[in-house]
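Two complexes follow with chain A in common, the first pairing it with chain B and the second with chain C.
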Partner chain A sequence: MYKYIISRLLYVIPVLIGVTILVFLMIHLIPGDPAQTILGGEATKSALAKLRSQMGLDQPLIIQYFDWLKKIITGNLGFSYTLHMNIASELLPKFWNSIILTLASLVIAIILGVGSGVLSAIYKGSIFDKVFMAISSIGASIPVFWIALMLMWLLALQYPIFPINGMVNMRGNGGPLDLLYHLVLPAFATSLVSVAVIAQLTRNAVLDEIKKDYVSFFKSFNLSKVHINIFHVLRNALPPIINIIGLQVGYIIGGALFSEIVFSWPGVGQAMYTAISSKDYPMIQAGILLIACGFVFVNLIVDIINIMINPKLHESVSK
Partner chain B sequence: MNMIEKTDSQDPVLNIEHLTTKIKISSGEVSVIEDINLKLNKGEIMVVVGESGSGKSMTINSIMQLIPKKLLKGYEGSIKLDQSDLLTMNDRDKWKLRGNKISLVTQNAMTSLDPSYRVGKQIVEIILASQHVSKADAKGKTIDLLKKMGIEDPERIYQSYPHQLSGGLRQRVIIAMALSCNPEIIIADEPTSALDPTVQLQVLDLLKDVNRNFGTTILMITHDFGVVSYMADKVVVMYAGQIVETGLAKDVINDPQHPYTKSLLKCIPDLKWIYSNSNNNTSLFNIPGEVPDLTKKITGCRFAARCFKAVAQCSQIQPELKKVNALSSENNMEHLSRCIFAKED
Partner chain C sequence: MNTELSWGSKVMRIFGKDKTAALGITIIIVTALVAIFADWLSPYGPNSAADTAQRLAMPGTAGHLFGTDDQGRDILSRIIYGTRTSLFSSIVPVVISAVVSMCLGIIAGFFQGRIGNSLMRIMDVFFAFPSVLLAIAIAAILGPGLLNVCIAMVIVRIPYMTRIVYTDTIQEMQKEYVEASRAYGMGRAAVMFREIMPNVLPSLIVYSATLCGVTIVTVAGLSFIGLGVQPPTADWGLMASEGQNVLMQGDPYVTLFPGLAIIILAFAFSTLGDWLRDLLDPTQK
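Let's look at the complex of A and B:
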């Protein structure tokens, strides 16, 4: 098992290098001269040249890349010329805010998605199953920003149960309850599509498993149905469910960016939105890098979990 | 180990009377088994034999109450296990019986264990569900059971996952699971048909040992008359949901009365005969046609369409099971046949 985990860990290295190359090249593919953007249209040629050499832009691309790589490895994400501040100190707290929103959405998606998927499969053909599956096939195709706006309209404006926004400082005076209160709508909005997708896949995985021979064999003993469904059926249906959850994390990260803008959640998404509007390239670069690393990390965890729960990859006992 | 005396004076362990099981189909209902009577005394081995579609699996599923509620229309008759009727019992009492008094050995040894758990854990799980013992005791009992199943290194098997074991070992583990709660009766659903021929005999021997050493009554189904002659005290031949012939194994095998039984016995290939006749265009015996569709109404004998002896009368009147002249002197089991040509007692 450890052999598989270590090889999976090593596999992360080339992926991360690939991510940095893509992110680095992206900023060079965008038309326009960063020095020109910073100094404005009326800058003199000598001033532009001076800034370029200051920023290292006159160096060959490969040297620029390694300079940048050296910086980001030491935690220096660069300097934002529009905000006039260090990107790391601006972005990292926002990154944590985004993680809170993403994790909350993920927890909702897993609990609701897996729970309702299992129930639909066990009560296949029941009214719950039919209604839920109809809702979820519609739900899976609604864009996040629309759900976010609708939830906001319904539960913050029509029936003001939850706040529209106002989560300015997460580590402020409100405490965890205040955080939860502000978290409910954006987290639900972000997770709903994933709830639908996870529920549908869970239902199919459980239905595949429930007709296997060992299930009817275990039913011939006096084990309760709930026990069999949780410890045997769901346990064996887990690998595909965990895989889809891993993929949905990527979708949730993307969806959270929209929710952050709609609900003014002070996260990376909102910062990226501002950065894109003001063409703050180093900021965009750093934001994309953080999000991509987060996604790579989540996929790593998903794969390690799948290795751990697969007995065929355990150290063999009988050989 | 003590032999359990096989007598008829005691009450039967399993007594099925007039059992009819009805299944829902799109056009109403169909009786998949009809008017089944079986009586098993303590320590006996009864083998139910028939083709697929004969209703033998449905008989077992009715006894184990494993027919999904969605499919089941209803039962008629009674299935008495130690005098208490499974069909009128509430669900909780039924659950208590499972594993405690009656347990199942399944057909598909390869797929009947949960692939995610070590096999020892699975046996312990069954023991803990039905007995008030500590985990350590359950583990000790499991190791002990595995040893009794003829497994040489039970500790290693305990720690193995199903995919690490051969079919024969898995079937032994399944038999150990079935025995883990000291059931009075084991229902074995074609326990050897998924195994290699060399392993089949080992598993049959193991079941015989279990029967002899633990006094466990065994009800087994098979499509293989070889298994019948190796194992059975009593045999029940089923066709299209009905019992067509039943009696002591030696009576039925030595003097089969129903044409279906005769045909089944003829289907057992004799290797020497095949070898010596392989060049002269003779084919092996087979029963033409297939088991009739029970959703369509059949008048007369259900086997008539495939029977080598059938006359016009056969497709008009449904024959009853009637007593025929038994060869053996033992009188505790009647030899019955559902054929108008059966020689009467």
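Let's look at the complex of A and C:
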């Protein structure tokens, strides 16, 4: 098992190198001259030349890449020409805010998705099962920004139960409760699609397990249904469920971008939205790099958890 | 043996049994017909705002079933015209990426070794990005517009589809018919595209149908950010986004209806995918 974990850890290195190359090349795919695009049409020739040498655009591509890599490893994410400030000092606190929203959404998706999926499977054919599965088959097709807007209209405007936007009350003293209160709507909007998908797949995974011989074997011993379900069925259905959750992480990270924009949550997604409309390419580049690195890291954790609870998998991998 | 008949009856049997699939396929056909005949079906033009007094009319107002937006344009008419961009931007990128992925996946799976491995390692890098983020990145670089959104969607989908074709091709390579056709003297290209391709095609078709639904939702998201179709084109994602300001003033309908249209069409494609899977690829159920 440790052998697998170490090889999985080492695998992160080429992936991260690939990610940095791709993100680096982004700025060179901008049609036309990046310096011109960043400074706008009215920039003077000397300003353009200065920016080109500042960005290293006059150097060969490989040297530019290694210079850029050196900078980002030391935490220098570049300079925003629109905001006139260092990107790292602007973006890193926002990255933390994005992590809060993403984790909260993930927790909601896991609790509601797995919970309702398991209940649907155990009470297969019941009204709960039918209604919930019908809802979740539609729920998987809902755009996050739309459900975010609808939740905002219903629960912040029509019935002002929750705050419309932001992360903390500007007048209040903040505090964890205030944060939670502001977190409810964006986190629910982000997680709903994943709740639907996780619920459907969890239901299938649990049903596959319930079908197996050992369940009827235990039943013949008069073990209670609850006991069998909790200690055996769920325990055995856990690896596929963890896998399902792992696959949803990417959707939740992507969905959080939209919730941040709708609810003005001060995260990387919102910063990137502003950057896109002002064509602040260095900022977009840094945002994408941060989120992608976060995603690589989360995938690593999911894979390691998977291997730890599912010994069969690591046998097949080490082969 | 009459395979035509058995194929047809197979379709009918599954179609009759699966009411959800029947619903989904009907929705897709109706949407396609609406897109074709939009000029005849639509009560108003997509951008005609003849009556400025009719701004933000409530749904059910005479002549405006779904009401009007903040510029007095009829929402139903815009949804009808929006079927065109929605169908185009969901189906075209998926078809293009399916064709490209079919070639890449079969080549990678057939040659494996250095060619296959390096191709799949390059694809791995794309998996390090959540697909929405990658789409946003590419569209932001290329600039707003329907064509650029389609290019972004093609690039985003290729790694996923290629991986499916690659895995299937490797499985097919172990079967005897591949070796037999090589021994028979068939060229590599013929083995790849005449022998292997028909066997990996079903799962790619199933996946493509499902992806059309996912793509509608993603493209709507790009429109919401301002990277997609530009105003005043009637596009569901853009309409839902334009309703945002009015929604803040308490009127949700401008956003509500186009969003429902997106959900219904995306749902229809996902049921089409499920149905095709049962039809073409029963083992994967």
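Criterion: the second predicted complex is superposed on the first by the 289 of 319 C-alpha atoms of A that agree within 3 Å, B and C clash if a C-alpha of one lies under 4 Å from a C-alpha of the other, contacts with A are read in each partner's own complex, and residues count from 1 in each chain.
Keep in mind that, in the parts below, a contact is a pair of C-beta atoms (placed from the backbone, for glycine too) under 8 Å apart; a residue touches a chain by one contact, two chains touch by 3 or more.
Nothing here was measured: the structure is a model prediction, and the numbers come from that model.
A.B. asks: Give one of first, second, both or neither to describe whether A:K212 is in contact with chain B, with chain C, with both, or with none.
C.D. replies: first
A.B. asks: Tell me which partner A:L48 touches in the superposition: chain B (first), chain C (second), both or neither.
C.D. replies: After superposing on A, A:L48 lies clear of both chain B and chain C.
A.B. asks: On chain A, which partner's contacts cover more residues, chain B's or chain C's?
C.D. replies: Greater contact footprint in residues on chain A: C.
A.B. asks: Taking the superposition as given, does A:I307 touch the first partner, chain B, the second, chain C, both, or neither?
C.D. replies: neither
A.B. asks: Once chain A of both complexes is superposed, is A:L257 in touch with chain B (first), chain C (second), both, or neither?
C.D. replies: After superposing on A, A:L257 lies in contact with chain C but is clear of chain B.
A.B. asks: Using the touch definition from the top, say if A:I288 reaches chain B (first), chain C (second), both or neither.
C.D. replies: second
A.B. asks: One more residue to check, A:F221. First (chain B), second (chain C), both or neither?
C.D. replies: Only chain B is touched by A:F221; chain C is not.
A.B. asks: Could you say whether A:L92 touches chain B, chain C, both of them, or neither, answering first, second, both or neither?
C.D. replies: Once the two structures are laid over each other on A, A:L92 reaches no partner at all.
A.B. asks: Would you mind writing out the residues of chain A in touch with chain C in their complex?
C.D. replies: Contacts found on chain A: 14-16, 18-19, 21-22, 26-27, 29-31, 137-138, 140-146, 149-150, 152-154, 157-158, 164, 250-251, 253-255, 257-258, 261-262, 272-273, 276-277, 281, 284, 288, 291-292, 295-296, 299.
A.B. asks: Can you list the chain B residues touching chain A in their complex?
C.D. replies: 64, 66, 70, 95-100, 103-104, 106-108, 111-118, 125-126, 129-130, 156-157, 159-161, 163-165, 174, 177, 181
A.B. asks: Would you tell me which residues of chain C are touching chain A in their complex?
C.D. replies: Against chain A, chain C makes touches at 20, 121-122, 124-126, 128-133, 136-137, 140-143, 213, 217, 220-221, 224-227, 237, 240-241, 243-244, 247-248, 250, 252, 255-256, 259, 262-263, 266-267, 270-271.
A.B. asks: Give every residue of chain A touching chain B within the complex, in rising order.
C.D. replies: The touching residues are 125, 212-214, 216-224, 227, 232, 235-236, 309, 311-312, 314, 316-319.
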